[in-house]
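Below are the structure tokens for one structure; questions will follow.
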Amino acid sequence: MSKRFVSELVAGSAIDEVFLLAERSMGHKKDGNPFLNVTLSDRTGQVKGVVWDQVARIAGAAAEGDFVHVRAQAGEYRGNLQLVVKDMVRVPADQVNAGDFLAVTTRDVAKMIDRLREMTDRMQTPHLRALFTAFWSDDTFVAAYTRAPAAKHMHHAYIGGLLEHTLSMAVLSEMIAGHYSGVDRDLLLAGVILHDVGKVRELEYVNRIDYTDEGRLLSHIIIGLSMLDEKLKQVPDFPETQAQLLKHMVVSHHGSREFGSPEPPKTIEAVLLNYIDEMDSRVNSIREFVAKDTSDGSWTPYHRLLERHFFKGPIQNESSGDG
Amino acid sequence: MSKRFVSELVAGSAIDEVFLLAERSMGHKKDGNPFLNVTLSDRTGQVKGVVWDQVARIAGAAAEGDFVHVRAQAGEYRGNLQLVVKDMVRVPADQVNAGDFLAVTTRDVAKMIDRLREMTDRMQTPHLRALFTAFWSDDTFVAAYTRAPAAKHMHHAYIGGLLEHTLSMAVLSEMIAGHYSGVDRDLLLAGVILHDVGKVRELEYVNRIDYTDEGRLLSHIIIGLSMLDEKLKQVPDFPETQAQLLKHMVVSHHGSREFGSPEPPKTIEAVLLNYIDEMDSRVNSIREFVAKDTSDGSWTPYHRLLERHFFKGPIQNESSGDG
Amino acid sequence: MSKRFVSELVAGSAIDEVFLLAERSMGHKKDGNPFLNVTLSDRTGQVKGVVWDQVARIAGAAAEGDFVHVRAQAGEYRGNLQLVVKDMVRVPADQVNAGDFLAVTTRDVAKMIDRLREMTDRMQTPHLRALFTAFWSDDTFVAAYTRAPAAKHMHHAYIGGLLEHTLSMAVLSEMIAGHYSGVDRDLLLAGVILHDVGKVRELEYVNRIDYTDEGRLLSHIIIGLSMLDEKLKQVPDFPETQAQLLKHMVVSHHGSREFGSPEPPKTIEAVLLNYIDEMDSRVNSIREFVAKDTSDGSWTPYHRLLERHFFKGPIQNESSGDG
Amino acid sequence: MSKRFVSELVAGSAIDEVFLLAERSMGHKKDGNPFLNVTLSDRTGQVKGVVWDQVARIAGAAAEGDFVHVRAQAGEYRGNLQLVVKDMVRVPADQVNAGDFLAVTTRDVAKMIDRLREMTDRMQTPHLRALFTAFWSDDTFVAAYTRAPAAKHMHHAYIGGLLEHTLSMAVLSEMIAGHYSGVDRDLLLAGVILHDVGKVRELEYVNRIDYTDEGRLLSHIIIGLSMLDEKLKQVPDFPETQAQLLKHMVVSHHGSREFGSPEPPKTIEAVLLNYIDEMDSRVNSIREFVAKDTSDGSWTPYHRLLERHFFKGPIQNESSGDG
Amino acid sequence: MSKRFVSELVAGSAIDEVFLLAERSMGHKKDGNPFLNVTLSDRTGQVKGVVWDQVARIAGAAAEGDFVHVRAQAGEYRGNLQLVVKDMVRVPADQVNAGDFLAVTTRDVAKMIDRLREMTDRMQTPHLRALFTAFWSDDTFVAAYTRAPAAKHMHHAYIGGLLEHTLSMAVLSEMIAGHYSGVDRDLLLAGVILHDVGKVRELEYVNRIDYTDEGRLLSHIIIGLSMLDEKLKQVPDFPETQAQLLKHMVVSHHGSREFGSPEPPKTIEAVLLNYIDEMDSRVNSIREFVAKDTSDGSWTPYHRLLERHFFKGPIQNESSGDG
Amino acid sequence: MSKRFVSELVAGSAIDEVFLLAERSMGHKKDGNPFLNVTLSDRTGQVKGVVWDQVARIAGAAAEGDFVHVRAQAGEYRGNLQLVVKDMVRVPADQVNAGDFLAVTTRDVAKMIDRLREMTDRMQTPHLRALFTAFWSDDTFVAAYTRAPAAKHMHHAYIGGLLEHTLSMAVLSEMIAGHYSGVDRDLLLAGVILHDVGKVRELEYVNRIDYTDEGRLLSHIIIGLSMLDEKLKQVPDFPETQAQLLKHMVVSHHGSREFGSPEPPKTIEAVLLNYIDEMDSRVNSIREFVAKDTSDGSWTPYHRLLERHFFKGPIQNESSGDG
């Protein structure tokens, strides 16, 4: 039987389904007895629930981030759907269909990573080639790099999204490096591939996409630099200035302090990386926003972060007229 | 029988009323069958509705922006009123009372436009007089100019609002041009009358006030300049610099780039136009905000855009005290 | 019987309880008859209510800011709890338990004010000592000063909060004045004690914490300066420049125009006052935010004003695992 | 003999003239002996000078702000004109022509103040009329109010400028109060006359226009409120709310925190005051900027604060052409 | 004999050379007689001069913007080079070497415009092809379009710079339109070619690069839209929505209001145009900045507008050491 | 013989002195021959110079950053002092008096570092104590840490300034950690000592204070994290979360993105670190600014970065009056 998603739940029905336990907090009733508030989610959204009975047993059964099999009755509370949870037991991750909980890239991950490797194999600069050999031969890294999303929301927010975003940028960077004379093609490409490498630890993406503690405390720029530092040590005699220029691309790729880069881009390659990153993220983000909109007007709803409506094309007026 | 307005609907009642079909989008149920989400409105607000049965027939019956006769049952869904729509048929615009759907100025439109014409007739500058002859003798333009609102929200957001706002500014501009020596009275007045002329195409205001595609893509400044360009061509030998100074007033009337003017005011007349526009819009906007507030405290609710409460006067304390 | 707080109300129950009448506004039904909208509150939150019958009598029974004994039926309207009020009568303030309506400092007020007085008694500067004698011997002032909260929201938002905040700053100011040579200890301490003195009139805090008319029209900086002016006149021969330096500390204590100070700090003492104030307010505000959060993750919810989550410490994972 | 102004000095000439001693600071030569740096000014500008000999005697002869008779030789130092001062003696202020040092309004001060008094005499509100009686019968105040400039730079920066600016605003305020219904004409006029009253102490304008210590520490808004407080106490039974509304106009007349007002305008009268003030200041400031420009192009030089060039009108091309 | 450039003039020498008369203003000596201040320029910079004798005759001989043959003596005044001008006569523009006064692109203009035409000939959209036929067959337009600079300062600030910038963007736009599916290649290319078309009238570039009156009053966005409007009228049945989308690209190409676009980009094509324009302008501007720097450190001087130093590469240490 | 400092040079004298060669760039005369521009400096300022003869030999003699013995003639060029350099030879750094070129802390460096070590020895947290053992036993690090300035300009911009600033903050942090309950004293102190540790590589301070290539490309936050990473690896079993919290303090110590921190402070300790850093930097920076001002008015000159004058105290009027 196919899963019943959060977006399909209606008040009045009985629920017997697996969800992710996204949040959990304890409350106390007037009589002093505890109850448990839970937030349950899958890839279509989230719903609140409450546990009134057998609170201690159920609270001990699962932690935030676990999958849970829930039996409940759906009702409404203050205008929102609310599940009164009768029972909730932990389900091992290998018994759920991960695709029900996390969106995944539609592209072929193996082909994408192969294409990136080919590009780094073709580099003219020996120490950069050696650096990528160090990255690609680290299986733990490659497993994470090919699985990580590029963001929690906004753009490429799905399993494999980081790789998809990076490859798109890599292809653009080769075109653009060819267009302007005097651009160090290998350095630009290296910066592109490494700019968001810290996202593999900034985010968690096993059962859901969210920030890790390390991600919130340090940000992916800082984490990525630490990862790069480690790999640089594995390449004998990596030239000091080249290492600094490569790190500079990671440091400055958000373009300005206001957007989280401690230093702005100070080389042509860093300047180009910043534009290519912004362009590719923006294009993907607008497209996903437009794709999600099913209204039949010419315009999307208002996009809060980008502060505008986007134009979807002239209306096809289906009304049959007065007659 | 008088119309039942959106603001008067209550859950549990049967609905048989005409509304505007403001938005419409298709969804799909779990079994793959389609349903239709609609937003219905009149001048008191809007309400969501859903069509479960005969979706294809009903969806084909009307387009966004049409008036529709709706038969429905009012219920609640996730804390909001929701209509379950049984039937919905298009109603020709000439069969509805437009006043139920759009607010209208309380001033006499004919007198207002006459007063503006008198002012332009008294201009000393022949080419400006000729320019306004071109505008006033364009019946399509006059029909739109006397009907357009000055905005979708915020100030003078009703039929005839553009004219009311413009006339108020014109009267102020004559006072102020008389107060400061060296101000070109005719140029200032011309700028006042033309500054928002693009609103007649930026907005639609047949059944409701909303932005047009052209309005969202180009803005009323750009549209107004194009309209002015066209009329300028009808005046033989309009002096080039005068044309540029007049266009400059339209270009700069928002005062700065931040507020949408590509250039800031660079002549005394353009500077004055900007202040007169801001003052008249702000005064109208605050008054309407205060008028709408029916609470009995000294202060209005918080005004989100202007970021403050406004003072309505000291409280008349009606409490009878402890005795 | 203990009070039933707003946070404990549930739809479907009958209510017979005392609340504060926070807001009140009149509406009209379709048939032209009036009804009354009310907002009722206590220290746990607020709830909307409506009076359908005997509107005139009930409306005459109490004003905004009064305590009222309410008999009502709790239901839901558009997804929120709503009380249908049957009756509402005014209750004299001396018959309610003030602590049910306003949070109070957990510190000993008498000890706190004594400690501040000791500090001003130890001042070396005769005219400053004389100034504080004038303040402390004004019983009306002291009563208000020891009772006022430091803010409506954000930090020290409870009875006695102003004193608690001020004393904490005073202790810090003595440490810091001792750390840097060349700081006028007495001037800094005087500035600390007086910087927020206008809050005793900016806010009302009898039945609830809210802004007064004077507070919204003038701000506590302006009110505090006026209070200081008055007391300065009671000290014979207070040196003119010293008076200006002391007022400057009040004027500039928000640090910049952007935060409401007409002038930025221009003396070392004013610079220090600004940092001590910001640090103490921020620390208190974060702690209260963290204390209120009962979820079991490592992070607080998002803090809208400070635009971040705060870290509460690593999760203690209670889940028993797969085994 | 007419005075030789700073703008007319040339290197190589001997100087024997009276200037204002604007700034003064001591330096030390390599051999340990002191020398004196001075800045001398009149209404056309300022020039640096240095005293090498008899430093102690000359330094003791005058303080900053004094008029001084200077005997010197004009030379150049690092590309700027520099006077090597042989002698410098203090000149009592009553022996210099004040007009050489400070620009003065071209309007008739007595007529201007009379016109303002007439306006306040016509007020309908008894307590406001009484308040202005208190102000106008304070001779010290009137003497300062009719002499003060409105600013150090930017607009109305000359003796009598405050009065000129205030009267222009008062006339505008009567027009505008008549244009919009529901505006309290007397309150608006009172706000206009008092909004900048603190400038009489914020600035000094005996020998030159500069900020006073009090002005820099407190700002004219704060000083003006203190002056208003004092006069309000002289009017028996001045209604409390009216006093707060009047003070609110002073507090908020800069329009927003960013421009130095601790609270933004929250009444129609305060909103109008802010626009009238901005409009009159801006018009005056642009006109003076245009008037000072003697170049023969169509545009003024770049105005740094307003960030634009202003248009002076099309060029009259005087070139005789190729023919 | 080769021209002696402004950058080569030294104090003490006699000057007999042609310059551009960039600015001119009249002054008066103490004795009431007039003198003339002039600013003379060529492509290497500008120098001030003064005419003491025969002022009326010389002032009548040339206007701002004329070339002038100058005989003068070079001296210094207040630390800057100053020419004392003995005589100055107008020189017809066809007698000077334009290249001495204006920098010119190093690329082949004919080839660049041919390449753009080829691109528009290959367009699939008939009405866009027709639109460009209208542009390319307007000889006056083509002459200006191939000659105009892209800016006064900052990037491509030389004769032919607009074409060079546009062609570079056109090539990039074809690559990028090919990279992302669903991009309207012809619309993007048309937007690229037309986005800065208003610069042909915003700037003058006959003898020097400067803003025209129209440019300062209206900005190149507004001028370009007016030019586009005119050409659109020459294409029969140009689809209305397509015209608005094309104009939208011109309107929005600066990306946000803050940078002078009344509306932000609301289609994928407009979003891409904005990034391509920013990237190409920035790359050109950095390269010219780096190219101009002749210091031998690793870094350029501080770039005021971009607020950073740029890295030129590691220093080649030429010092021979201690030995 | 004592050194003749840049601030003491006068036009017309012969120079025979050692300076730092701060900048160097090549130019070409009209005849095609090269000349050399140099900038020479010591701790009192810098002066431009030019080499006309024997350019190749002299250019080969020294690189930027070297000390040079210069023989020259001082003159003026375009209003500034300029040296015409006859000869310039490199001087080994050990032959100059470093104090002539770089300002040095007035505090005892050995005592300061000892005091810091005592503080870390008293830490209760074993892994933090171990971490500092790793830092203090690294002699290269300690040598740099005790010598580095805290900034190029602004505050503690002298040899030993970083240590002086850090120790002052450490003392404050102990007071403040004692004042607020629940603050992790050891974590706060560790954050204080390490927050600016990257400055030892961000800046060079051998012959002058300037940014290094690494400093400009990466910023001291990034460099410091890399240094911390390295030392953390030397402490066995340093708890992962503790490491992240410590790094978070370095990452967030500038308080917000706007000031260069990729993440804002998210723990009480990080919040306190930010305030203590700002307060100590600001106090030092204002004091140095006031100390440098020798004018005899009540106010310092305008401080461009802090955008205000600072008050130095009331004027002691030395003028003897009229009498």
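A, B, C, D, E and F are the chain letters, set down in written order, and residue numbers restart from 1 in every chain.
The rule we apply is simple: a contact is a pair of C-beta atoms (placed from the backbone, for glycine too) under 8 Å apart; a residue touches a chain by one contact, two chains touch by 3 or more.
Worth saying up front: this structure is predicted, and the values here are computed from it rather than measured.
> Hey, what chains does chain C share as contacts with chain F?
Of all the chains present, those in contact with both chain C and chain F are A, D.
> If more than half of the interface residue numbers appear on both sides, call it same; otherwise different. Which is it for chain D and chain E?
The interface is built from different residue numbers on each side, given that under half of them are used by both copies.
> More C-beta contacts across A-E or across D-F?
The greater number of contacts lies at A-E.
> From the centre of chain D, which chain's CA centre is farthest?
A
> For chain B and chain E, let me know how many angstrom lie between their CA-based centres, rounded off.
Those two chain centres are 41 Å apart.
> Round to the nearest whole Å and give the separation of the Cα centres of chain B and chain F.
Each chain's C-alpha centroid was found; their separation is 59 Å.
> Using CA atom averages as chain centres, what separation in Å is found between chain B and chain D?
Computed from C-alpha means, the inter-chain centre distance equals 43 Å.
> On chain D, where are the residues touching two or more other chains?
If we look for residues of chain D contacting two or more partner chains, we find 76, 78-80, 213, 216-217, 241, 245, 248, 263, 266, 309, 311, 314.
> If I apply the definition of touch given earlier, which pairs of chains qualify?
Every pair of chains in contact is listed here: A-B, A-C, A-E, A-F, B-C, B-D, B-E, C-D, C-F, D-E, D-F, E-F.
> Going by the contact rule at the top, pick out the chain C residues touching chain B in the complex.
23-27, 30, 59-64, 66, 76, 78-80, 90, 92, 213, 216-217
> So in the complex, the part of chain D that touches chain C is made up of which residues?
213-214, 216-219, 221-222, 225-226, 229, 241, 244-245, 247-248, 251, 257-263, 266
> Spell out the residues on chain C that touch chain A in their complex, using ranges where they run on.
Where chain C meets chain A, its residues are 4, 8, 76, 78-81, 294-299, 309, 311, 314-315, 317-320, 322.
> Write out the stretch or stretches of chain C touching chain F in their complex.
Counting only chain C, the residues touching chain F are 168, 171-172, 175-176, 179-180, 182, 241, 245, 248, 263-264, 266-268, 271-272, 275, 278-279, 282-283, 286-287, 306-311, 314.
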